[in-house]
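Just so it is clear, A, B and C label the chains in written order, and each chain counts residues from 1 on its own.
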Amino acid sequence: MAVLSLDQVVGGYGDTQILHGVSMHVDEGEIVVIIGPNGAGKSTAMKAVFGLLNLSSGRVFLDDNEITNMPTEMVVRQGVCYVPQTANIFPSLTVEENLEMGAYVRKDDFRPRMAEIYDLFPPLLEKRKHAAGTLSGGQRQMVAMGKAMMLEPKILLLDEPTAGLSPKFRGEIFSIIRTVNNAGTPILMVEQNAKQALKIADRGYVLVDGKNKFDGAGQALLDDPEVAEMFLGGGSHKVAS
Amino acid sequence: MEQSYGIFLYIISLATMGGMYAMLTLGLNIQWGFTGLFNVGIAGFFAIGAYVSAILTSPETTRHLGGFELPYIVGFSASMIVTALIAWGVGKVCLRLRSDYLAIATIGIGEIFRLILKNETWATNGPRGVSMVPKPFESLAEPYNQLMFLALVLVTVAVIYLLIEAACKSPWGRVMTAIRENEPAARAAGKNVERFRMEAFVIGCMIMGLAGAFTAQYLKFIDPNATELTTTTFLVWVMLIVGGSANNKGAILGAFLMWTVWSASEILTSRLPDDMAIRTAYVRIFLIGLALQIVLQKFPSGILPEKRPKPSGSHE
Amino acid sequence: MIALMEFINFYLIPGIVLGSIYALGAVGITLTFGILRFANFAHGETMTLGVYFTWTLMQITPFHPLVILPASMLLTVLVVLGIDRLFYKPFRASPTIMVVMASFGIMLMVRSVIQFVWGVQLKGLVPGIQRPMVLFDTLRISPKHMVIIASAVVLVLLIHLLLSRTKIGKAMRAMSDSPELARLTGIGTEKIVMTTWVVGASLACAAGVFLAYDTHVETMMGFKLLLPMFAAAILGGVGKPYGAIAGGLIIGLVEELSSYPWIGTEPLLNPGYKAGVAFAIMVLMLLWRPSGLFRGRVF
């Protein structure tokens, strides 16, 4: 059963339409990756879930509840967490304070959850009193994800989690994503490094010009000659827009 | 007969002051209307122009620097050059940062200049100010002296208006609009955004300096109160916003209209008993401030809105 | 030795007093800049208003200004929240420069109300001149100055506890770091904005009252502090409350010490230009490092 689903979503910013009918879904326990050329509306599709975009038509569901055009704060309270590509931590707050902010909408005791996050990302425990802005790129990404997971979200949205990181860190991030997923959180992510992302993904969607172009299991997309030629070629090092 | 002559003279003075405010609003319009620069140091640049011109043209005195008795044209030119230089310095520091910083720095310039005027008594006669400033056409008989001065002001306003209109329609003006509408795109097109901003800022300040020079000659006197925020800076802002920013006709209309309101309300309140009159002066400022807030919220484009080539726009 | 004591008594202590006042005021400026993202020109008038509330309450009650302070803080906060609702809130989604302009208008509106209601003549908060206390034979410190410094220290500690120990305080710092991320994290903007006004207005009121307690009550007193407070906020790094405190102390000290006869017997800087010191520091900072000592945001 789908945790999150988008049904024929149309929308954009102001007068500019970017999404012209995007449908996708994420099932329990899955990693789903969105790939496509620059400007295809990949990140925009995520923002559509998050109430950051006005949808002119189409619907978004979380479990069976409609969350179309719901204010961001409410979407967070419903259990969707979003890690943007840049500016995804509070640099002047300590690591621990960042995690606390992740739990901002929680009313209950979040300390057990924090311990779990530290178990998942041991380097963070060591640096918990450091300002998050002083950490390395990979560790910042851990803070960003750890912060999002403080809510024990029903689903985690990641916008280009490896953008701008070196190949070594990229591998590290992908293994973190797997760890998070193994711990039970379904993940929907946008990735430029399509090949690596599809390898860890259960399924993938290819968006072109704001519409679904292909979809299928991660491995199936990797093997599809047309997809491979169009999107998996030398393009994996492109700088994200 | 006597009374109607008095009204006639009053209207002339109203129009003369309105014309000088029109220079200020036109200068501010280049900065805010066309370029989006938030200058709240209008009073400072105005005062710089006023003092430079006053000191250069006035007769010898022991009270302050002076005795040059230079022609008006030199006073006016010098006031523009000096304000331009100071504006350039301010621009160098602030224009690469967001508008708020320019606002803080320009309000600082006004304050610094007020300190200089008060402390450097040898040059400025301190708080007592510079008096005996000569006034163009003052040797003519009344009302011809007043009328000639008014004509000079109106011609100057017209010349400034025509020059700005021409500049706006030129390639320079189009780049200016492009920068304001979409700065990243203008940068990508290889435009030197900082240089264009600097030009707009300096030109706007020069016009404000000129307005200061005119005011000093007209009133024959200038003192540090010229740096007062309320009557110069704030009123000019209200004039531009009410008239319609980014529209030069709107800027001029706003200046004459708001000056009439301001000046007429002063006449009304001055009829009240002394104590009341002083207090109602504050009510006037409050009401003008309230008018600004209402216009900002309800009619942000003013009486004469900007004429745009294409209707799309996220700026306002 | 005598020269040293003179330096401490007449330059250093007044510098710390002035610096504490700037520091308290600058916290409000920097938080508004960081969280609401605009330079609030009406902050000086908030101070003045707080002072006049205090003065009025002192006319009708027999209490010391410090006892009255909480009540006048509350009144100031209520007025500022009302101003936010009527004049700033409509611009939340607009380009920030609209709010800057609105605050510029509010500055003059509030001042004209003060001048209308209370008149422009000087008033004193506490009558008479107090004899300074002499410690260790030579250290002269007036009780007023001791009260101001001690109260400022208490308030700074309270701000520190708020910002580092409470959820709302941490959320304020988070929003000052990155408003977009704060929103994505589910931190409600309006609640934080309200808290920012509460904190900023209370501290402004306190700073104003301390200044009035040290000098006198006057309608332009807040405006005169505006530039040093902006300078302190920029010096410390915009959006950084700790930076603003440090910046305020530095500017207060430099202002007072600038007229000390460091070279020869004449004051280094004509005291008439004291008010220009803050501006000079601000300009140098903008040239050298616009992000400030504490690496704040640059817009």
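Here are some notes:
Keep this in mind: contacts are C-beta pairs under 8 Å (C-beta built on N, C-alpha and C of every residue); 3 or more make two chains touch, one makes a residue touch a chain.
Given the structure is predicted, the values throughout are model-derived calculations rather than measurements.
Of all chains, the one whose Cα centroid sits at the greatest distance from that of chain A is B.
For the criterion of most C-beta pairs in contact, the winning chain pair is B-C. Comparing chain C-alpha centroids with the centroid of the full set of protein C-alpha atoms picks out C as the closest.
Computed centre separation for the pair chain A/chain B is 53 angstrom, with centres defined by C-alpha atoms.
Between chain B and chain C the centroid-to-centroid distance comes to 31 Å (mean Cα coordinates, whole Å). Rounded to whole angstrom units, the spacing between the C-alpha centres of chain A and chain C is 42.
Note for the complex: chain A touches chain C at residues 50, 72-73, 76-77, 82, 84, 87-93, 97, 100-102, 104-105, 147, 151. Taken together, the chain C residues at the contact with chain B in this complex read 33, 38-39, 41, 87, 90-91, 95-98, 100-102, 104-106, 108-109, 111-113, 115-116, 119, 226-227, 230, 234, 270, 272-273, 275-276, 279, 282-283, 286-287, 290, 298-299. Those residues of chain B that touch chain C in the shared complex are 36, 38, 40, 93-94, 97-101, 103-105, 107-108, 111-112, 115, 118-119, 229-230, 234, 237, 241, 279, 282-283, 285-286, 289-290, 292-293, 296-297, 300, 315. The touching residues of chain C, counted against chain A in their complex, run 167, 170-171, 173-174, 176-178, 180-188, 240.
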